[in-house]
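Structure below; questions to follow.
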Amino acid sequence: MGAILKIKNLSVDFDNKKIIKNINMKIEEKKITAIIGPSGCGKSTFIKSLNRMIEEEKNSTIHGAILLNGKNIRDMDKEQVREKIGMVFQSPTPFPLSIYENMTYAPVYYGIKDKKQLKLIVEEKLKIAGLYEEVKHDLKMKATKLSGGQQQRLCIARALTVEPEILLLDEPCSALDIKNTANIEEMLMKLSDIYTIIIVTHNLSQAKRIADYTAFMLNGEIVEYGKTEELFESPKDIRTKQYIDGSFG
Amino acid sequence: MHRKFEKIFAIIIKLLTFFSIIMLSFIIIFIIKESIPVFKKVSLLDFLFKMEWNPLGEPQSISIFPMILASIYVSLLAIIIALPIGVGSAIFLSSVLSEKIRKILKPAIDILAGIPSVIYGLIGLLVLVKFFEVNFDFSSGESVLAGGILLSIMILPYIISTCDESMIRISKQYKIMSEGLGVSKWHMIRYLILPASKKSIFAGSILALGRAMGETMAVMMVIGNSPVLPKLFGKAQTISALIALEMGGAEVDSLHYHALFAAGFVLMMILFFINMIFHYIIKNIDL
Amino acid sequence: GSKVNSNEEASNNEFKSQILFKGSSTLAPVIAKISTNFIEKYKTWDKVDKDFPNKSLDIFVSAGGSSAGVKAVIDGSSDFGMVSRSVSDEEKGKIEGYKEFKIGLDALTISVNPENKVYEVKKSLSTEEIQKIFSGEYKYWDELDSSLAHEEIVIVTRDLGGGAHKVFQKKVMGDKKVREDAIQAPSMGALVTKIMENKNAIGYASYGMVNQNTGKIIPLDVDGVSPTKENIISGDYKISRPLLVIKKGELLPQEKAFIDFLLSEEGMKIVEKMGFVPAK
Amino acid sequence: MHRKFEKIFAIIIKLLTFFSIIMLSFIIIFIIKESIPVFKKVSLLDFLFKMEWNPLGEPQSISIFPMILASIYVSLLAIIIALPIGVGSAIFLSSVLSEKIRKILKPAIDILAGIPSVIYGLIGLLVLVKFFEVNFDFSSGESVLAGGILLSIMILPYIISTCDESMIRISKQYKIMSEGLGVSKWHMIRYLILPASKKSIFAGSILALGRAMGETMAVMMVIGNSPVLPKLFGKAQTISALIALEMGGAEVDSLHYHALFAAGFVLMMILFFINMIFHYIIKNIDL
Amino acid sequence: MGAILKIKNLSVDFDNKKIIKNINMKIEEKKITAIIGPSGCGKSTFIKSLNRMIEEEKNSTIHGAILLNGKNIRDMDKEQVREKIGMVFQSPTPFPLSIYENMTYAPVYYGIKDKKQLKLIVEEKLKIAGLYEEVKHDLKMKATKLSGGQQQRLCIARALTVEPEILLLDEPCSALDIKNTANIEEMLMKLSDIYTIIIVTHNLSQAKRIADYTAFMLNGEIVEYGKTEELFESPKDIRTKQYIDGSFG
C-alpha cells in the first residue's frame, strides 16, 4: 500500500500567530497513525486541517497542500472531502436532538430513507461504539442528557455512520473508562482493515497499543514521525525522548 | 463590599420589572374598567355571540361576533402567509447569505417594521385591492384576503428578526459538528437548525400575531369594514378597525364608547388565549 | 387643593389668556388651523389689541364629538363648543345666554366614478333612488336604469356612527338602513379614493373633496338640485349640515377678537380650503 | 433519492426569500416612485432641512425638518425609556421567575403588542396628557414626553420578547457552571447573561425602534401635532403622524400627496441609517 | 481528623429511573478520595449530589442526607454549599467571555474589587493549573477559542478561585497530556494539605498514584470503598477484582 494522504508544507496561523509550522507528512493507507504531543501544541488544529474543518475558523489562514489520493483537497468539494474524511471532535457535542436523530442525521443525507435500514445502521454503529446496550430503550431521549462518556461514544458512532475512507479521531477516549476504551481500541484495530485512522491521543500507552505509526508534535512542528515501536523504543530526537520519559506510572 | 452592589442591582431589576407589570396592569385595568358599564346592559354572551352591531340605533344592539371572527380570520391568514416566508427568509439570511450581504439586507427588512400603516394601507388600496378588482373581477377588491396579504407583509420583519438571530446562534454552535459529517448546508438547515429553532419561530409568531391583531389603519383601508360574517373573498370588519373607526365619533362615557372598550377587551382576551394555546403546544411538542 | 383655588381666583381677576374649544371632530381641524394662523400672526395678546396685556396667546382645540361640545358648554368645562349639526331646542334651553356662530356648511355630494355612465343617463337621482341604492334594494346598476351595465353597485360610506353618516342618514335615508356590506371608509380621503379607483362605486363625498378632484369623481344632482355653493348656502341642496361654534353667555373681549378673526375673510378662506362651504 | 428532496427544499427556501425580497423591493420602489415628483419642484436639501410645511399655502413650502427631528426625538426617547425596563423585565422573566408564573406573565405581556393603537392613544390622552396638565401645570399636556412614554409602553413587548428567549437559552447553557462556582443568580445575570445577550438586546431595540417610528395613531393623539421644533415638554409632530393626518385629505397625485410619500421615504431612510449604525456598533463592541 | 462529609442513604432518580442507589459513605477530611467505575454508572451524578448541583436537573429526585461537618447541606443555602464545595465539571465549559473574565467571575462575586489583587489571583490560579505561560499574553482572548486541554485547565483554575473547603473534580485530566496531568496531580497532592478532594477518574493508575481512598461504583452502587492500596491489592468484592483486572497496558 502507499500514502493515502500527503501533507505538503502545511502551515496554519490564527490571527497571524503561527500554530502549525510547515508540516510535511505522509499518512499510510489502512493503518493507524497516532499524533501525540503536549496540550496546546496544535494537534487538534493539525487534524482539523486534514478535512478542511479549520477553514471554518474565521481567523485562520492556511498555507500548503494536502493531497488525498494525489488530489488536492482544496480542489474538491468541502462536503466531498468530509464524506471521505470523517472526524470525531475533541469535545463530544451531540446535536440537541434525540439519540436516534443524532445517529440518522448523516445517513438520511446520504440517501437512506428506509426506516428498517436506518434502524439497522443505528443499531450497528451504536454497538460498535459500545453504547447500544445502555441506550437501546432510550433512543428517543435527548442526546444531551447522556453521561460524558456516553456522549463521546455517541459521537464516535455518529462519525461511523458516514462510512468514510479516513477517520480522524481527536482524543476519542478521553472521557471513557478502561472497559470502553478497550472496546473502542479493539474496534479501531478492526476498522483499520478497511479505514485509514488518524488518532490524537495524550495517552502514550494507547498510542503504543494501537498505532502503526506515531508522530510527535511540539509547538506546531512534527518533531519525529515513524513506526510506533521505533519512535517509542529508539527516539531519534532528544525532545521526543524527554517527552516519552516524562511518562510515568 | 461587592454584595451591596449586587443588592442594588437586584433591586433595580425588580423595580424595572415592577414598572412594566404596573404599566401592563394599569392598561388592562383601564380597559376593563371602561368596559364594565356595557355588561350592565348587555350580557357577555350576547355581546360575544350575537350578530348585530348598532350602538346608535333604536333599539340598541351591541354584539361583535362577526368582528371577532374577522379579527381571528385575518390575523391567522396573515400568519399563515407570513410564517413560511418569514422563516424561509430567516434561514436564508442566517445560514446561506454571506455576512456582507446579510448586513445590508437585514436593516432593509427591518425598515418594513417602520413604515407607517397609512402608507401600507394606501399601497394596499391602490395595488392589492385594485389587483383583485381588475384581475379577479371582484365588484370591489376589499376583502379578508387583501387584509391578510397586506398584514402578512407588515408582520414579516417581526418573524424574520426573531428567528434569524437565534438561527445564527444555533448554526454557530453546531455547524462544525455538522460539517464534520460531510453533510450539506441544506441538510443541516432542514434537520438541525429548523428543529432547534422551534421556540424562536413560535416566539416570533406570537409577537407577529399580536401585531396583526392590533393593527388598525392599514387593515381598515383594505378590508371594507362591513360588519358581516367574514368570507375569504368578502368584506369584513376587524375589532381594531371597529374601534378606530368609531372611537372618534363616540361620545365619551356613552354606551357606545364603553362598548368599543369592551370590544378592545375581547380582543385582548382572544390574544391571551391564543398565546396560551401556543405556549401549551410548544411545551408539548418540545419533549 | 389650594393650587386649584388660587388658579381659579387668578382667572376671575386677571386677564384670561387661554381659550378652550371642544367638540366636533369635523370642525376641530378647521378651528385648530385658524388658531394656529392667529397665534402665528400675533404671538401675544398685546399685539392683537393694545389694551390687552403682554401675555402669550393660547388656544386649545380638542375633539370629542359634537354632543361632547354641547355638554362641555353646558357644564362650563370649555369656553366654546364646536358642533357640526343643528343644536336642538332642548339643548339650547340648558344654555343660559346661548350664542351661536355659523362658520360654514358641510355638504355631501352623491358621487360616482367618471367611467360610470350613470351621470349621462340620469343626471339627477331622486331621494328614493338613493335610498334604494344604499339600502341594497338595487343590487346592480341596470336595476336603476336598464341601459346601464349589469354590474354590482359598490357602496362606500363613512363610519356609520360618525357625523357625516348621521347627516346622510337623517337627510336621505330616514328609517332605512344602509346595506350591511357597504364599505366603511376610515376617512373622507379614503372614500373619495375608492370612488376614483372603482368604476362601480358610489358614495357621499364631501363638497370640498369633489372640488379638489374635479373630473376624477362626478357629483350627481339630488332631486334635481345640483350641489353648488349657492344651492348649499341657500339650503336648496339638502344634504348638508351647519358648522357651528357655540357659547354660553357674553364673550370676553379677547374671545370676541378671535371669533372676529374666525369670521373674517382670512378665516373663511381656510374653511373653504379645508373642504367646507364657508358661511360668507 | 434524498438529494432530490434536498434540492427541492433549497429551491423552496430560495423562493420564499425571493418572495420577501420582492415584497420589500416593491414597497420601497412604490414609495420612491410616489416621492419623486416632489423633488422636481423642491430640492432634497430644502425638503429635509427647511422649517416650514405648508403644502396648500401660497407660496407652497414643503420641508419637514421639524418632523424629522420629532420622529427621531420621540422614538429615541421611547427606546431610552423602554430599553432598561424591557431588558430588566426580560431578565426577571427568564432568570428569576419560576417557569409557572412565567408561563402566565409572558402571554400577558405579549398582548400589549396586540392592543390597537387607538386604545393606547385614548389612554394616553385621558391619563398621560391629563396627568401632565393637572400635576405639572402644563397649559396642555400634549408633548414629546407624553408621546415617548406612551410609545415606550407600546414597544415594550418587542424588546422583552426578543431578549427573554435568548436569555433563557444562555442561562440554560451556563447556569450549571455558574452555580458550581457558588455565585448568586444576580451575579450570573450581571456578569454572564447580560454581556452574552448583547446581540439580542440590539436586535430587539432595532425592531422596537422601527415600530416606534412607524406608529401613528397613538402618537398622533398625544403629541399635539404642531409642526414646530420639538422640545421635551412641547408639542411636536412626527413624520408618521403628518402622513396619517394629511393623507386622508390630500388630493391624489397633487404635490401635497407626493410630498407625504416623500416624507415616508425620508422616514424609511432615517430608520435604515439608524439600523446601519446600530449594526456597526454591535459589530465593533463584540470583538 | 475525621469525616468532613457523611453521605446517608443517598438515592437519585431521573424520571423514576434509579441512577444512584442508597449510598452510604464517609469522606475523610484533607484526603483525596477517588471514585472509579464504568461509564454511565453514575459517578458524575453522585458527585453532583454532593454540592446539590444535581437539583438543577429538573427530572431528578433525591433521597437521603448529606452532612457537611455534621450539618445537612439541604438546610444550608445552595450558594453557601457551593462556596464550600467547589466543582470542576466533566465537560470543560468556559463562559463565553475572555479568559480574564472567566477567572475573575467568582472573585468579583466574593468581594474582591481591587484590580491588582484580581490580577494576582488570576495569575496564581492559572499558574497552579499550568496554563499561565501559554495564555499570559492572551488574557483578553475569548476563552472558547482555547484548545480542549487548555479549556480544561482553565476550568480547574476557575474552580480554585473560589477557595473552597472541598473540591469535586469530574475527570479533570481527561483532555490533558502526560505532562499537564502530572502537573495537576502534583497540584492536587499539595492542595490536599488544605483541601478535601474528591476526584472522579477512569484512569486507575491515576487513582493509585494520588488517592488516599478509593470507591468503586457500579450501576449506581458503591461496591467497595476503602484505602486505595487495599482496594487495588486485595479487593474484597469479586466485581471490583474483575474491574481492576480488566485493566491492561
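All chains are identified by letter, namely A, B, C, D and E, in their written order; residue positions are counted from 1 within each chain.
Throughout what follows, a residue touches a chain if its C-beta (ideal position, glycine included) is under 8 Å from a C-beta of that chain, and two chains touch if they have at least 3 such contacts.
What you see is a predicted model; the values in this text were computed from it and never measured.
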Minimum number of chain-to-chain touching steps separating chain C from chain E: 2
Both-way neighbours, i.e. chains that touch chain D and touch chain C: B
Chain whose average C-alpha position is farthest from chain A's own: C
Intercentroid distance (Cα basis), chain D paired with chain A, Å: 50
Gap in Å, rounded to a whole number, between the CA centres of chain C and chain A: 82
Distance between chain centroids, defined by C-alpha means - chain B, chain C (Å): 35
Touching two or more other chains - residue numbers and ranges from chain C: 186, 190, 193
For chain A, residues that touch 2 or more chains besides their own: 108-109
Where chain D touches two or more other chains at once, by residue number: 6, 184, 187, 247
Contact set on chain A toward chain B in their complex: 51, 53, 56, 78-84, 86-89, 93, 95-97, 101, 105-106, 108-109, 155, 158-159, 161-162, 164
Residue numbers on chain B that touch chain A, as the complex places them: 173-184, 187, 191-192, 195-196
Contact footprint of chain B on chain C as seen in their complex: 25, 63-65, 67-68, 151-154, 159-163, 180-186, 190, 193-194, 197-198, 200-201
Chain C partner contacts - residues on chain B that touch it in the complex: 55-56, 125-126, 129-130, 133, 139-142, 217, 220-221, 224-228, 234-235, 237, 241, 244-246, 248-252, 256
Chain D residues within the chain C interface of the complex: 56, 137, 139-140, 226, 247-252, 254
